[in-house]
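Okay, structure first, notes after.
To keep things simple, chains are lettered A, B, C and D as they appear, and every chain counts its residues starting from 1.
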């Protein structure tokens, strides 16, 4: 109940008025890479935490929630995904979840920051679990826009696992209409895309709404969803965009059956019941998403508090 | 993006390793009542906040989420609730939501701390919205166990809207098997009960699990659910216990129809889709709840970090 | 020993790596004036605190230390001060200390921010103690440089009681060589000037050193000194500049005798022993002050962390 | 001026209402020894910091202030110190300063916690600078009271360099009348003793006053003094107790001459001017020290906030 409070803290600010304090016991990495500020710390509540540009990316205690949420619904939304592109995702855990799908024959990961990949390989081995060494994997260290412009590969699923669009950060041009159009151009006939879209907390819905509307300006179907990653301290928004499939139609039983058929090992977070929870977005959030008029463009980027 | 950070903060600790910082602009109330420490502050992110024993109870920006989550699912779980007992709920917002149900003829609220009620009446008028003056309402200021022992009234719905069970706080004996047995004894044939049960965050599931198992030891049906109240900084657990009804069976359409029939004004948070979200408890949380062996008893109370 | 820690805090940052947390119970004022951000809060350790642009100015528990340090040594450095100019000092406590000197016939206070003066009159009456109503006092609300340019008055003592030179704050042009030359021009034959010069803490001596050297570029005698105002959280630097008097020469007995002769009521902080403490600046600080080459000019202002 | 603020912090509380935040970049040590909690962290403002039981002991940037303040005045108060006992002082920096005195033939250091000594040897080599290996040094790892009871050695100077008397900490019985009597019994004819006595900040003078009065109950001469160690965030009290010498009588010139004669290498902090600063204790602090009636005894120990 009243164990002594720790003295060493990592403090993350979501806004000028909101901070999250994480008691820490170790600082494993604290560097400025070519692209961003990177910290890996050991926290008392959430284990090892990866933090980029002062934003919590994932923690060893609850990263399974984030990564299963980002990967499995979008994978099930495609009838039989063989080729997958992961944009970002330097920790390797998104790749890890993708590779659990038996249908996958090729998984390309494009992350701009090879220092992040290297440090995660070293300090977070339980996150990638050998995903980088799977023979289906290919890791490319370059800017995702450059990659998409130059490649002629076509993917069944694209997963953009990006840090938040902070000013001068590496990711903000990967949240624009132009970028989603490029992604759309590399998707196969039943292609689907997923992403995290910032917090779903009521005072801070601007970003989630704008990403939703921006996807809407490009894709025929956009299904927003949300979950709770405790280490983030706020509910978190996601979205699946697709050419023709809508995961909101799936019954619990359908999801449970597809997991059984397609995924090679037991999941911790996701199943049919969880699926209904993810897409059961509260009324006020759905209303805000629909009411937004903002479309993010290269010339009108959106930044989150930093 | 980078507005200047505020300098005045309310800091709430969920554990020795986890804190939430709320930027504040005003301190409206800061007193020690006969039963607990009480603060009402104005925060930059969440408006006016009620805090008891250093635990955020609700904020003007997102209290509708908490109160609709606590009230409407349990009210719909009863076929036609006429008499309702609210235990705790000093702000009056739970009472407010109860009174929106056309079927309600009598709503008794029992809160031990009349100073909390008085201060909330004064500083949070948009929370109760006149609920205390509704002719169906009756407010009793006493200990809820004493009330339940002495009353011979029978209720269709009991809602326990309590602060967390902190050591030396006023509420911890209202989370025990003995208390739930007393409540069960005052319920009518189709009677239902709801409560908040602490955080649903993975590292801190002890309390939610124990409350769930304690309810299980008394009630035939117990349906846990969760939502995210942004000002709490963590996902939050709830439960509905009943003699024979299970809200997990309700379809979206059924919920939407019942809201239409029974509730006198539009809701902000709750509808059929939201209902599926609430009861779509993630797999790992369900597993933890089921695995717990703890039953809270008067002689073995459970306390949360304080 | 281990009383429960408070939850409401004012946090002041001295640098990107150093913060001071003040537990607060009330926020009396929190406004943006025409010139600066102004807070008056009640703190658990230091009573009522005045904070401008997020910098602690003084607290009711230890303001006597700051104001006696700023006023009495410079007043004693002049043989018989009749006319005194206070620049800044909106709380009225500097004026209060000046008026305790029997020789004073005229005390002009020039503060740019009449909102600060008004709020301090209202909330901090024990600070000014009626000084504004003393018939020797004259309060002028204007920019001090404008005042100095236009006035033809001559003063025996000038006390610049300013907030720190923060970027876009109202005070940074009152720390330059040009300003000190203007002040020098308004001093009588034995004229003296005092000021606070920022922290004397070893990692942050840049400002104290630069102010010292800037004064040196204008005045024949400059005597730096320091004291410890607990609410500031760091040792604090001051300086006396004069045309020909040096307070470092004063013996304890001389100071005690002059206090006896000149000051109308007992002091709390300052006496002969304290005087030796003030001017007993540690060796490493003296060395840093002498080594500095920086002279602050209108075109090369210096800002402190904000 | 407005460099980005760090995200990783060490927070030290001096009272329920006062905290100091140190931005940190590395956590070198974070352990519970047999006797106390021990942290060594790298801070942005103060370099490497040693923290025991959540109390800052010293930092690489300003430890010279603390250690010169504790050692040189008491050494000069003795006419020709040959044998010195250091109690506590695990970092070795007190020993280092003692050994700079040419007259010293024997320096015994008694620290209860050999884990602290070992970790400091490893991580803070610039603090001891080889003092442990000086042939005049002898390090004994035992409880100081036990040592004093059993030894028959006599010392010219005893320096008690202890962490604060926190409840259940290792040091609180080394602040009592009984302990000072034992120390007095091991001093030679002109013997002197020095110690740190907690903060000299006005709201928290209880400890400094009580230590002063407790020394007064045992020693003929007690000279309190103070300095400011920036990393402590508050002014700090010290005292010299002796059989017959009073350092307050020393002139600046006397101190400078004795330093010249006795100390083998240049000092950074202490000289004649600094000496006058140290003993120029402000009037209100002297008044509080004299007014106190508290004598600390084994049966009535005093604890500081923790």
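We take it that contacts are C-beta pairs under 8 Å (C-beta built on N, C-alpha and C of every residue); 3 or more make two chains touch, one makes a residue touch a chain.
As the structure is a prediction and not an experimental result, all values here were calculated from the model.
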Set of chains adjacent to subunit A and to subunit B: none
Selected pair, out of A-D, A-B or C-D, that shares over half of its residue contact pairs with B-C: A-D
Distance from subunit D to subunit A - Cα centre to Cα centre, in angstrom: 53
Geometric centre distance via CA averages, subunit D-subunit C, whole Å: 32
Sequence positions of subunit D contacting 2 or more other chains: 5, 9, 11
Which chain pairs touch, all of them: A-B, A-D, B-C, C-D
Contacting residues of subunit B [partner subunit C, same complex]: 7-12, 24-27, 30, 39, 41, 51, 54
For the subunit B and subunit A complex, residues of the former touching the latter: 1-6, 9, 11, 13, 15-23, 43-46, 61-62, 64-65, 166-167, 199-204, 226-228, 230, 233-235, 267-271, 273-284, 286, 303-306
